[in-house]
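For reference, the structures are reproduced in the following blocks.
Below are two complexes that have chain A in common, paired first with chain B and then with chain C.
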Partner chain A sequence: MTESVAAVEIDGVTKRFDDVVAVDNVDLAIDDGEFFALLGPSGCGKTTTLRMIAGLDLPTEGSLRIFGDEVGMAPPDRRPVNTVFQAYALFPHMTVRQNIEFGLRMRRVRNPELGQRVAEAIGMVRLAGMEERRPDQLSGGQQQRVALARALVNQPKVLLLDEPLGALDLKLRQEMQQELKALQREVGITFVFVTHDQEEALAMSERIGVMSEGRLLQVGTPREIYERPASRFVADFIGRTNLIEASVESPTMVRLADGARIAAETSMPTGSQVAVSLRPERVRLQPRGTAAADGSSLDGEVCDITYLGHAVVYAVTVGSTSVEVRSEGEVGEPFAPGDEVTINWDHGAAAVVAD
Partner chain B sequence: MQPAGGRPVNSGASGEEAAARAKRRQGVLLASPGALYLLIFFVVPLVLISVYSFATRTSTGRTALSGWNLESYRDIGDNVILGIIGRSAWLATLTTVLCIAVGYPFAYYLATRPRHVRAVLLVLVMIPFWTNGLVRVFAIRFLLGSNGPASALSESLGLGTFRILFTPTAVTIGMVYGFLTLMVLPLYVALERMDWSLTEAARDLYASGSKAFWKVTLPLTKSGIVAGSVLVFVPSFGSYVVPDILGGAKTLLIGSYIASQFRDARNYPLGAALSVLLILAMLLAVALNQRSGSGAEGGGRPRLRRRGRAGGEAETVTAAAS
Partner chain C sequence: MTGIAETGLGQRTRRWLAAWAWVVFAFLYVPIFVLVIFSFNASARVNIWGGFSFQWYGEALSNDVITSAIRVSLIVAAVSTAVSVVLGTAVALALDRYRFRGRRALDGTIYLPIVIPDITMAVMLLVFFAEAFKLIDSFGPRYTLGISTIAVSHIAFNISFVCVVVRARLDQFDRTLEEAARDLYATGWQTFRRVTLPLIMPGIAAGGLLALTLSLDDVVISAFVAGPGSTTLPVYVFSSIRRGVTPELNAISTLMLAASITLVLASLALQRRRASASQRA
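Take a look at the complex of A and B:
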């Protein structure tokens, strides 16, 4: 983001439906060529944000630019973006070819360019031979590809995807994740996609914007979001985590209610109430007394064990809270309920989050 | 799930048969009152009409049930009668087209209101429908009459007396008013089922608002237009009350003509033959509707079937109203 113009620039955008604030003063810049995910639970405003970029909803306040051009109030047919709709919204009365041609025909693109671009798009999503079928004669994955081709054939500057994989079953979803990533690299267009599935967001995108209750809480790479969540909500929403109540003692140390100390960096002022996020898979279990007390360990007692095949999940009682510890590749049954243990982690695995 | 020997298997098989038999018996019981009613009051008269259409009219105006012939059907070829049929068909077509023109925007408006508003508006649409048809037609007659408010208004504007009653225009106004609900209901059903994300997709793919309507909304609600057209065209083709009250003698239509054959001219065979023709035309229209319903859109067959049922409901409502 040096001199280049942002693909999408959202500036203080608010959207109100009657009295309900769907999107609350969001600022966001999405870079050219980026694969960006808007992530959040249902009703968090992510879809409304996407619809405002598409022009299907208009912002109540704020400005919205696409490659520098103000488009906030422009109708959808006057924006250089195309959308892959949630349930694809393929025209049921048209064939695959007619669906894909639709946008080009509306812009009066004529043969031979029309035929050439449609053929290219069909080839890109591997739908050759399906041109004359109707959407209801296609599988879910094929419909998804038609929706992609129908949007990409227009060579939009930004492609918007609303829960693009939501209607597919798990196996197909994982395949399509890879396919979408490859496709994005191939066409080099900015992809903005909306999902409530945090794993999907982590796996596919270069950057993620986490939303909740209309607000954009944090924007960052998947690694930043996962390892350095800025708030309790983000820590809890992305992956599983243990949140341990604490208060800040110094910029490098927090103190739990029972007096135990955890080394963790924080910019919060001394004395403020925070939570420490500890990812279950970053925590190890050891017999009591074998780990050094260096601010990266806590004493506890095994309370419950869940065997998952590829992993074992321990619930460890530490003080008044229960900490989940996830252990993979374990041989035998090293711990039993009631065992006195110490949990420890690598320095830096504990992240301080504000409320 | 306990394997209790061979017994459960045997009783299971015969139990299945017994259940199927019971289901069939239940079906017969449920259908028979309606079937019986239709047999006595619909099928039997229909057969009688068909039989009469082949009978002979004696010189005294009686109908002789002998000497079966096709004379009455030949009489239909008479220019006067063909003219009446043509005029009826034209008026029915005009009524249908006007009903679409008025009904579609209205149904669109209805279908795009919030759910609770829709329920209220639908009842409002139905109220004239539940009102006695004769009363409504006489109300229109008063409205359009030379002593009525329309005339008074035109006189006060200096346009002279309003002479519209007993013209085809009056008949058309009356018929559009009378049959509009039959058009609005199937259109409403089709539009209410419309997936609006499809029009959004069209807008997203560079279609203007009106292009999105012509390319997506209209084709996807075609089944409603077809169903509504059949529901309006068929009864307006054979309509009798409205042309009789609003049309006067100048606009003789097939419905009135048939009535006059039975009442005044005492030509039962010709009246019966024309009735048979009308019924055949109606069956043809319904058959065409069915075909376009199942063949037009590759997608959503269950959807279309549901639409068809809604049309059927509207049909029963008409039957009850008239």
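Take a look at the complex of A and C:
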């Protein structure tokens, strides 16, 4: 992909509702053809950000461009984007076909193009034979597909999806994840979707923007977000993690309160207070004294064991904190509460996060 | 049976209550049956049965005063319903959608015509028309009470009823449907026309039928604001009854009853359709 103009470019955008700051000075560029997730807990401003791209809310400050065109204040019908709403918002008084046709009719697309494009969209989401049904005669998954077809038939430059899988049950949700990814590859346009489900975001998107309290905390690939979280919040919100208090000793070393050292790269200045994030599944448990003291291990004592079937979770007391260790594929019961152990991990598994 | 047992009522109480229900029912409907039956009475004496006949329907419908009253009633009902449906729906939309100065005051007083006594409303309107005519007459034209003042009065109370029914419908309306329409390139007007209006239509229609019924049934307000030569049918019936019940009046009353029942049934059918539609959704 050449260095082209961004599909969506958000520049210093702030949205205030009366006294509440819903979105606080967000900068974000989403590339053409990208599958991008806005992730965060409810009330973090992710949906408001999406609605501002759609034109359903207008920014209080800042600029918003779609493929280079300033659209910040344009009404929704003047933007080359379409939305899949959270509860689908299908028109209950119209058939599946009338729902899908709606956008084209509003733009005065006529037959035969109209019929052709509607048929294509219906085929794409595998709804052939359902054209004359009404939304209330469809299952949740089928309604979801109608909502997708109704948006995609307009050939938007950017498709916005607000918690698109939130209303589906677990099994259907996993199926639809794969289907959405395949659909995005097929149509090749930019998908921006909002979710509070971190697994969904990791599984589906090429890049993730993590939001909290109206601010965009970190943007990166799922791997970057998971392995190198930029802040305590991101480390804690995405997956499970152990956060160990430390202070920076050198650009490659941090020091815990009890004097133990952990090798980890950081750009934070020497002396600053940070936390080390250690993912439970990246940490191994060994009998005391069998691991080399290379800055990737700590001594501790097994405090508690939880058997989960596919995994065993150990709570290990290290100094004054408790570290969770998750072990999968273990045979037998190698450790018992009270055992003196050493926890170690591969160099690079420990990430320094700022507050 | 099980339902009764659960409420703890004995067999005897149940029989007694059932009988009482029939007594109440008879109390409500026997007069209506008597009226309907005697409207087909061939005899000129209202209390003696003289055989079956449509005679009084024929006489009623060939009486110029009666046909003129029917005409006035129908025109007033049609005009007041049409106008109050448009205005009442607009008020309901404004109250539901927008925050504006005086909104709460309007919200509290829009229902006033429903609760204040008819007689108060009638006196109020009469005073209002008298003052308004004084003002208008000072510019030249001479207006008097008549069909137009009846229509205006009916509009005045019907707006409230339409507004109540339409707002109930708007309460359950999902605003994201409008956002979806806007997102699919519909302008504000197209969104209203294609999405909002069809979805609140059952409410508007039910409100309209209610307005039509109320207009056709009103006596007190119409009697006050009607002018010479422009009475409505209920007002005519009311004034003729002072000269005694005639078989003609029975016939007219039966016709009015049939019209009312038809409208009420239509309104119920609409509401049932709306209930089952929202159940499915």
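Convention: the second predicted complex is superposed on the first by the 352 of 355 C-alpha atoms of A that agree within 3 Å, B and C clash if a C-alpha of one lies under 4 Å from a C-alpha of the other, contacts with A are read in each partner's own complex, and residues count from 1 in each chain.
As a working rule, a residue touches a chain if its C-beta (ideal position, glycine included) is under 8 Å from a C-beta of that chain, and two chains touch if they have at least 3 such contacts.
Because the structure is a prediction, the values reported are computed rather than measured.
Chemist: Quick check on the chain A-based superposition: chain B and chain C, clash or fit?
Modeler: clash
Chemist: Which of the two partners, first being chain B and second being chain C, lies in contact with A:73: first, second, both, or neither?
Modeler: A:73 contacts neither chain B nor chain C.
Chemist: By the touch definition at the top of the document, which applies to A:257: first (chain B), second (chain C), both, or neither?
Modeler: In the superposition, A:257 touches no partner, neither chain B nor chain C.
Chemist: Per the contact definition in the header, classify A:182: touching chain B only (first), chain C only (second), both, or neither.
Modeler: After superposing on A, A:182 lies clear of both chain B and chain C.
Chemist: Tell me the contact category for A:56 with respect to chain B and chain C: first, second, both or neither.
Modeler: The answer is both, since A:56 touches chain B and chain C.
Chemist: State which residues of chain A lie in both footprints, the one left by chain B and the one left by chain C.
Modeler: Overlap of chain B and chain C footprints on chain A: residues 54-56, 75-77, 81-83, 85-87, 89-93, 102-103, 106-107, 136, 150-151, 154.
Chemist: Of all residues in chain A, which touch chain B in the complex?
Modeler: 54-56, 75-77, 81-83, 85-87, 89-93, 102-103, 106-107, 134-137, 150-151, 154
Chemist: Can you name the residues of chain A that touch chain C in the complex?
Modeler: It comes out as residues 54-56, 75-77, 81-83, 85-87, 89-93, 102-103, 106-107, 136, 150-151, 154.
Chemist: Which residues of chain B touch chain A once you look at their complex with the stated criterion?
Modeler: 195, 197-198, 200-209, 211, 215-216, 219-220, 296-300
Chemist: Can you name the residues of chain C that touch chain A in the complex?
Modeler: 174, 176-177, 179-187, 190, 194-195, 198-199, 277, 280-281
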